[in-house]
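Questions regarding the structure given below will be posed in turn.
We just call them A, B, C and D in the order they show up, numbering each chain from 1.
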Amino acid sequence: MIAPANHRPADYSPKTALQKKLINRPRDVVTESLEGLALAYPNLLNIAYAPPVVWRKDAPVKGKVALISGSGSGHEPLNTGYVGRGMLDAACPGGLFTSPTPDQYVAAMHAVEGGAGALFITKNYTGGLLNMGMAKEMAEDEGFRVQTVLVNDDVAQNDPENRRAMGATVLVEKIAGAAAEESRPLDHVAAIAQQVADQARSMGLALTGCTSPRIGYPTFELPADEFELGVGIHGERGRQRRMLASADAMTEMMLEPIIQDLGLTEGDNVLALVSGLGATPLQELFIVFRHLHHSLAQRGIPVIRQLVGNYITSLDMAGCTITLLKLTPELTRLWDAPVHTAALHW
Amino acid sequence: MIAPANHRPADYSPKTALQKKLINRPRDVVTESLEGLALAYPNLLNIAYAPPVVWRKDAPVKGKVALISGSGSGHEPLNTGYVGRGMLDAACPGGLFTSPTPDQYVAAMHAVEGGAGALFITKNYTGGLLNMGMAKEMAEDEGFRVQTVLVNDDVAQNDPENRRAMGATVLVEKIAGAAAEESRPLDHVAAIAQQVADQARSMGLALTGCTSPRIGYPTFELPADEFELGVGIHGERGRQRRMLASADAMTEMMLEPIIQDLGLTEGDNVLALVSGLGATPLQELFIVFRHLHHSLAQRGIPVIRQLVGNYITSLDMAGCTITLLKLTPELTRLWDAPVHTAALHW
Amino acid sequence: MTRDVTLEQMQHWLLHYADQIEQEQATLTRLDAAIGDADHGVNMQHGAEKMRAKINDLTDCHDIDVFLRTIAMTLISSIGGAAGPLYGVFFLRASKEAGPGDVISLDRLAQMFQVGLESIQQRGHARLGDKTMVDALAPAVEALRLATDAGQSTTEALAVASEAAEAGMLATIDMEAKKGRASYLGPRSIGHQDPGATSAYLLVASAAATLGN
Amino acid sequence: MTRDVTLEQMQHWLLHYADQIEQEQATLTRLDAAIGDADHGVNMQHGAEKMRAKINDLTDCHDIDVFLRTIAMTLISSIGGAAGPLYGVFFLRASKEAGPGDVISLDRLAQMFQVGLESIQQRGHARLGDKTMVDALAPAVEALRLATDAGQSTTEALAVASEAAEAGMLATIDMEAKKGRASYLGPRSIGHQDPGATSAYLLVASAAATLGN
């Protein structure tokens, strides 16, 4: 016995309980989901399974910096849904909530590098940093040029070193993707990516926990009248539990620290991303966006670009995250540039 | 007392219970969500509130048949997310799960009719038929030309007269929208729309009930090891309760009656829509699509077009619906035609 | 004993009905949650609010047909769902039957209910026993006709109509739904009272409470 | 009394460890569910499966450094998350310290644990008390060094190392996490045993169960 038996939901039995999920064997979830993705986007995506890599059908694009991103599975459409023209060249899906391994990035590198080097989009998690760090060393040993951008936008963490990557990941991938598509050199693409990462901040809240199919019971249970403020996208609890409030009030609780931390002031233009965490209807996300838009307008900070929907999720968690990016005309232009992926298209 | 007090969840109190939803006052959900939608798509959509209508910014398009659809709210992105070039001219959002009123359609007519008449996409529900029927009479009284297409694709109902409209709605709207964009006359557009409706069938399953913000407790409670087979998109229970099974087995239970009813045989090409009901992660939908694709391939029925995601939902219900459309080269061509809406874009 | 019904009484009827709906809206919705889509109370409440506002605005209306037509249009443009158009055509057809003037006979009232019910059935194709509002309205219409023909007072006639509506409403519990959303459940609809039959009973009960003399 | 450790023993050590992980994977995941993301057991189990397969394949390996290097690469490419690279660098660095040949001294083993721990700390920047695997490994490394220097047998030395690892693992319960995913919870991480410290204890306990003589 290495640990005492903890509380588990009363009706949970690891042997017999079938989960309320559309899955076959829990251990096959990631692979089978990738197979479905491949079948759904036959003209857009190539997919390999050992190790798992998803990449653009038209890669390698000669002379273009390759954008490579990875993350645990369970955040869909991140990152597999962002592979395609104008965004990522390859995504490396890990296990459920598990940072992918270095060999995945190296395999991605071989599949998509077009002679202009690669930008690795690194999410600030111990696992993300360590695995990508190793991958970079391995790729460089093979003679590839690699730069990284560090995404750490979560203002729920006071210590900047400890800030998790959240919605800014999507914005970095889109904008750096547009820059790469313009055939800019690796240095430029990396600099733009880092600018986006530096000018974006996020905060999330959860109304429920989420259930990983590998364990079959929720990561946490919340009383009917409470929510978790300051959650990440891995089913973790947040920084604090609070009493439920109106959408407007809860939006304000997320918005305030973001504005503070970004130092937004009257006249700044922003891009807003409101993403559901997986089980929240679109309807509610628009209600959150409505208040966010009004509240920022009242402070003289117009939202001039936005994305509202499920863009970075945490399995079947109810709740949402908010991300704001301080725009410049150049970032706005790159945001508006065409993109052609499974989840983002214009 | 007109009825005995029924069972309600123990922790439900209509006065004090705050719901696990991102909403303000329950009665404002529909309006505030539309306000958020308007703010999120300022270049695409016009929105009026009394009565509620969402329409293309570039409408009326002269000489083009106007496509108008309506449904209760809570099915987002249906139908507001399908307004735009290549699809709907206007959508009329009703209350939560409530068919919109005739005056909404008449107002939509005034906003978007471009001189070539209008096609009303009628979902086969008592409320849908009656309200649209009245709207048609009123519009014709004002001198407009109106035709209707009846969508009733749900094979869970044995009596065809009683078949609900499900995912075929999305397919009808896309394909008829493409036909209208080609400036075809009203008769042609109506005929194409009816062909799609006639050649499409659907079936759904629910892993959980859903909670309308107007009542605050779920429409039904399911034991941990059961699901509802043959549900609609209004939180109703299905035709039967079954024991949970693997995704492959549950997919087969939906697929079989659809194939039977459509009379699909070897060599037929189909379009498949796998839509989440609101609280089901994308990951699981791809697992369902994977099996569907394989199972049809084994029968010699290739899936040559597909859509996997949240396209027609039922608030925060977990589960999915499957829709198959028997394709012709012409329908495939129209499906592939460009579309530019909030929820569908290519 | 006059058996006439005045416009003023009709206004009281529908204000009373609006109150009843507001009071019972949670129950109506709960009934609809069991076999429908949990919106009947919400929809009817929306209609009740608009109807009350309309009646309070309509100060210079002197004809029952104009009044009822306005009610019909108000309900049609505010309730939605299945119930909106059905209650709408009930009042629309009843308004035609009433004709102009600010008073009608009990006989005419019975006739209005009769043709109102008919147009609900024309639009919705529901028959007795299909577990819909028709199951509350049809017995009420018949009772009202019989009592009227038997020379009973408005109060008496509407009281028996209300009792018949209540019995019809309760009878829906054991029925299997053949029309409307509850029919999707097939045999699983048995054992639940129909929400529309319940709101229809309230309409007749309100008439009994306000139109008598 | 020989204090040598052979390649064959090392193979048994890691096969034993793989068994332990498989047996305790639900517990490791449950611990991670409380303060992390509920995947530590799943990740380690994946690594254990691959490691076992690799050891069974590796029939013609005669050098401890090659063996441990292969284990390192296998863990790095199969565990993922934070634990994969950290256990990976532990074995990578230990392999360099071991050098070629199929037998090493206890002193060398103690040294391997020492430098393995150092490279975990170089990569992860965790210090004692940060509520990580370091809190189980560091006391074990120290106990192993002391016992080795004191001339104890391999069995004795690894037994005290295992006890120290267990005590270190249990000590994480009262710590506030400063590194890794649990640190996101701040003070709310207190009261829970660290999953990585638990799998690290199992690694040392397996060594004690297999490397003695």
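Everything that follows uses one rule, which is that a contact is a pair of C-beta atoms (placed from the backbone, for glycine too) under 8 Å apart; a residue touches a chain by one contact, two chains touch by 3 or more.
Worth saying up front: this structure is predicted, and the values here are computed from it rather than measured.
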item: Chain whose mean Cα position lies farthest from chain B; value: D
item: Chain A-chain D separation of Cα centroids, rounded to whole Å; value: 31
item: Approximate Å spacing (C-alpha centroids) for the pair chain A, chain B; value: 28
item: Gap in Å, rounded to a whole number, between the CA centres of chain D and chain C; value: 76
item: For chain A, residues that touch 2 or more chains besides their own; value: none
item: Multi-chain contact residues (two or more partners), chain D; value: none
item: Overall pattern in which the protein chains touch one another (line/ring/star/complete/other); value: line
item: Chain-chain contacts as defined at top; value: A-B, A-D, B-C
item: Chain D contact footprint on chain A (complex, rising order); value: 2-3, 6, 8, 14, 51, 72, 94-103, 125-127, 130-131, 133-134, 156-157, 162, 164, 212, 214-215, 217, 219, 232, 234-237, 239
item: Interface residues, chain C side, partner chain B - complex; value: 24, 26-27, 29-31, 33-39, 42-43, 46, 76-86, 88, 123-124, 169, 179-181, 183-186, 188, 193, 198, 201-202
item: List of chain A residues in touch with chain B within their complex; value: 11, 17-25, 29, 32-37, 39-40, 73-74, 76-77, 81, 207-208, 224-225, 227, 243-248, 250-251, 278-290, 293, 303, 306, 308, 310, 313, 315-316, 318-320, 345-346
